Amino acid sequence: MTVSVGILGATGAVGQRLIQLIDPNPDFEIEALTASESSVGKSYREASKWRIDMPIPDDVAETEVVATEPDAVPDDVDLIFSSLPSSVGEAVEPEFCEAGYVVSSNSSNARADDDVPLVIPEVNADHMDLIEVQRDERGWDGALIKNPNCSTITMVPPLAALDEAAGLERIEVATLQAVSGAGYSGVSSMEIIDNAIPHIGKEEKKMETESRKLLGEFDGAEVHWHDADVAASCNRIPTIDGHLENVWADTAEDLSPSAAEEALEAYPSLDLPSSPDQLIEVFDEPDRPQPRMDRNLGDGMTVSVGGVQETTHGLQFNCLAHNTLRGAAGASVLNGELLVESGYL
Amino acid sequence: MTVSVGILGATGAVGQRLIQLIDPNPDFEIEALTASESSVGKSYREASKWRIDMPIPDDVAETEVVATEPDAVPDDVDLIFSSLPSSVGEAVEPEFCEAGYVVSSNSSNARADDDVPLVIPEVNADHMDLIEVQRDERGWDGALIKNPNCSTITMVPPLAALDEAAGLERIEVATLQAVSGAGYSGVSSMEIIDNAIPHIGKEEKKMETESRKLLGEFDGAEVHWHDADVAASCNRIPTIDGHLENVWADTAEDLSPSAAEEALEAYPSLDLPSSPDQLIEVFDEPDRPQPRMDRNLGDGMTVSVGGVQETTHGLQFNCLAHNTLRGAAGASVLNGELLVESGYL
Amino acid sequence: MTVSVGILGATGAVGQRLIQLIDPNPDFEIEALTASESSVGKSYREASKWRIDMPIPDDVAETEVVATEPDAVPDDVDLIFSSLPSSVGEAVEPEFCEAGYVVSSNSSNARADDDVPLVIPEVNADHMDLIEVQRDERGWDGALIKNPNCSTITMVPPLAALDEAAGLERIEVATLQAVSGAGYSGVSSMEIIDNAIPHIGKEEKKMETESRKLLGEFDGAEVHWHDADVAASCNRIPTIDGHLENVWADTAEDLSPSAAEEALEAYPSLDLPSSPDQLIEVFDEPDRPQPRMDRNLGDGMTVSVGGVQETTHGLQFNCLAHNTLRGAAGASVLNGELLVESGYL
Amino acid sequence: MTVSVGILGATGAVGQRLIQLIDPNPDFEIEALTASESSVGKSYREASKWRIDMPIPDDVAETEVVATEPDAVPDDVDLIFSSLPSSVGEAVEPEFCEAGYVVSSNSSNARADDDVPLVIPEVNADHMDLIEVQRDERGWDGALIKNPNCSTITMVPPLAALDEAAGLERIEVATLQAVSGAGYSGVSSMEIIDNAIPHIGKEEKKMETESRKLLGEFDGAEVHWHDADVAASCNRIPTIDGHLENVWADTAEDLSPSAAEEALEAYPSLDLPSSPDQLIEVFDEPDRPQPRMDRNLGDGMTVSVGGVQETTHGLQFNCLAHNTLRGAAGASVLNGELLVESGYL
């Protein structure tokens, strides 16, 4: 059975990645592409400034872009992927849910809402059932599901593995984030060539809250956030794709670096079409992972870890994921696949 | 009175910066330039692959490069600046000291030795008197003085200010380091364009030990290292000059961000010729300091700080310094100036 | 005598460079800064996203930004510098000229107009007298003077020297242009990191027409454009500042590379405050000039040349100039200085 | 039938690309990997500093590296690929040919020799029969075949198409070349970040001579070089892979841009396994091709062309190819495939 799909915000950097991932996927069929007013009525080729190093799929290129509103999307669309600016998402996504659409969203609005599942399938698939609470409370036929932001996704799988193994108490994380995370024109070249910027909007706060919700426990009614203390410092650097992060993790119990590496490698992936065979790849070389070298592992869906070492209080390590694949478009697609598998579609 | 100066390792990246700083300095006169075998006998212009964006000073350009050994350097040289590879420095610097030369060295060898002063003049000028212990123990007429490595220098002035204000207990630091820190050919372009490397040789260990020695107390006989817990994670990124660092500092006493900023700005500079008017510059803008924008503040000798904020355990901030000026050549020159002022020359 | 100055479009990349150059200039006093609607009423510090690696001059930072219209500018302003988008310049500059202001403009509109002087002072200062033709025809008390675009300015001084020495017949030029030439947000980082773009708006046409006007002869009534055949190919590359160009110049007479280098070095500069001592600097090293190494020669006002060699039809060489100093803001300031010296103010 | 293959210089940047291409190729089986003295006896994983963003193939990683001499290579190897430094190639390749090996070489030595085929299969496959002249003259059982250098390969297919259509008389070409063309450590990051270098060793001369040999006619006894006048200007820019070139081509007959585009698109590819379906891809968008966006077209074996326009003397266009695939490793592999098809193996 093929699932009919619509993409909200299809011309942006994440929208382009969604198309790259969904077009070849045999289970999904792209039926609708939406964008802002100025693009409506144009072919996708005209409307998007395509920045991926493969051509636009031919059928997508000729698709007419429609407005970002429920009436503009055909009724037979089963699943909506959303990568809208958060202010737009906040206004529009509930309209789609009310109109009966299930929305797998990458937009940052509503991620912390009590009744909105924030999910990385390999980490907390069980949180998806928060949909039932949501439908009860909001009276929707549709549903709103979120994936976390790209820098959070990069660190949470390894943190989940370590939490299981030794209990997390305190986290510090410094990020080295690629420019694609800010969208196509988010970072000008004059800002970033021969430079680095030690601040990214509300990113630090997002990492601190979203990670605790993801690592929390769902008791069937609500998610009890993990009580680890998380402090993030976010930097933009001159790389195209791939967020690299340095993490310090204080653990409740002692865990040797080699035991930590075993726990990381053993952390299970899922059978979803977009899940990588190996969720967490651990490098022996201390200078890996690196963005340009390792971001495409597992078709961009693997999280890489390296430099695991002991500190006085626990462990220190580096991790990397492709920010617009595992960290955004791929994350939404995975959630879409989980929705299909869980019978929500 | 002019001090006659020799430079060991004059053709390297730091050697070039030493020439840039010392040539216009009215108190110093360059008398000797040394380099490795293949450069000996050539003019400096021929021997060095000059990478600074100002021309080689004319008189320096025509100076003949000599061997890196005491006999090749004129006797009337009063002060030696050394930026040798550490393995060479380890072998050669003691020979110069034994031959009676005072050596202000940027090389990483011997920095942790008990009787070697490791000094940032504005932070721990009093450690310079360790020279007397050194001369007693080693029987030298000369002396060996070290500045710390570039990433350590960047964070220690702000840490010293915060230590004074509230007592440091635990430090985590993630660095975003410029390629010039690895020397002229240390990082190939294929390694670093569109990339970042989460590992730099023994840099993490250096930051952890050197910072504790610098912040320690000298009781006239030995330096009692600071007992703060320091954990560093070092990254190379595609910037030319300027090391940016994210620091978490747990403090013994509570210190509000605004009180911290006051303490940082009030931390005194010195009257040495190369000391900046303001040692620590504090930015209000959360996205500053940035390497390309702020590395040249105070002629490259200021340390910039920004993003000061509270954490559960203390403070978090960003800092930046020009790694080959404040962090290397300028650090050695400052130590040279302190040696002159302290009467060691 | 101090000349009171207004700057139109003061918040843009060239506007910032104008402030950097004019503020320390003892002959000029900044009286008015204009920008677009959204900036009016703000202090310059608030209105501009400053991108130059030195702080905003204090008095400029506190100046209130006014609207880009003659009424908003004090009457005692003697000279207007303009770096507006060309569509705005086209509408607004004539209004200032009609209101009696002399406008030295970097905007691309009107450069090819018959009665508008297009001037590089060291090359064709005599064209400035076209102002009289302009005033006759347009009935203005003020005047409109243009400098050419940044990529044209880079090659025209060496071409002028070679034209004098051997007569130019045909020119091909390929450019490697810095991102600052497109303004602060003109080139996004996703477009240019690890990339190059072989097309820049109407740049090729500008180089072909403006160079021929600059090298033309003014007979007191009109400029007879040079009849050399000029073909340009323009590329954007990931550099911050400095346009590098490869030029092939077919000459009417034979000219050896060494004779060409002599002619280039002997080409005279002027005594204007912003003219460099040496207008054209010739490098012997075949791999120079380079943007990062040589763009600041002569305080960014020198044109560098290297790689001069013979071809079957003439000569081939490389040239470089700082695109926002010599190529834009400095070019306008130089024209302002020439206006002062020529008595037009 | 599988061809047993040896790779000389297997650890370098081109050697790595040879492995990437040959390993998955069902017709070739890697039997021997050679490198310099310091690597001999190590596994390939230890010996090579792998820089390609996919893992080393497992079987290759464990292969023991042998010395670069005929005796170290098993006798059953049928075909040798060589990517040695030219000075080494000059000494060693003839020894392999004398020992009976057929060598498809990317090294720059001997490319201009009268009896050495210099071949781009889609352009001048018939030149391969120069092998018979070579064997007569040198008495070899083996043979030495060369592909041109990477910047030459990029422009010659479009030039061949235009030569057929309208006759080439004069060529000027400016290159914007990626750092991988200089090998793994050929360009240091301090040289090229925020910079460009207008000179690449003997590259200009290579482009001028190799292109004329490739476009020449082979009469069964010798190659008559094309008599077009070729002048090249070569630049290194901060891109990882992909050489972009601006070309001016004076033609004997008039050829409109649209007729030129037709001729380019119609220029035939071959049926060799590594030949792309479309040899020359023509872009309508004036800002294409771009290195990061288009270098991987046709698995890195397509040559892209854009910006075709008329000049007074003929045509002007831009072209791009992946310099280590189409321009080096892929070029050698293609020649190997042609050798197999032509029965020389």
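Labels for the chains are A, B, C and D, by order of writing; each one numbers its residues from 1.
Keep in mind that, in the parts below, a contact is a pair of C-beta atoms (placed from the backbone, for glycine too) under 8 Å apart; a residue touches a chain by one contact, two chains touch by 3 or more.
By chain, UniProt protein names: A, B, C, D = Aspartate-semialdehyde dehydrogenase.
Remember, it's a predicted structure, so these values are computed and weren't measured experimentally.
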item: Graph distance between chain B and chain C, where chains that touch are linked; value: 1
item: From chain A, the most remote chain by mean C-alpha position; value: C
item: Whole-Å separation of chain centres (CA-atom averages), chain A against chain D; value: 41
item: Chain B-chain D separation of Cα centroids, rounded to whole Å; value: 46
item: Chain D: positions in contact with at least two other chains; value: 51, 193-194, 238-240, 292-293
item: Complex contacts: residues of chain B adjacent to chain C; value: 51, 53-54, 193-194, 240, 292-296
item: Sites on chain C touched by chain A in the complex; value: 13, 51, 179-180, 184-194, 238-240
item: Chain D-facing residues of chain C, complex; value: 170, 172, 174, 176, 193-199, 229, 231, 233, 235, 237-240, 244, 246, 248, 286-293, 306-307, 311-313, 316, 318
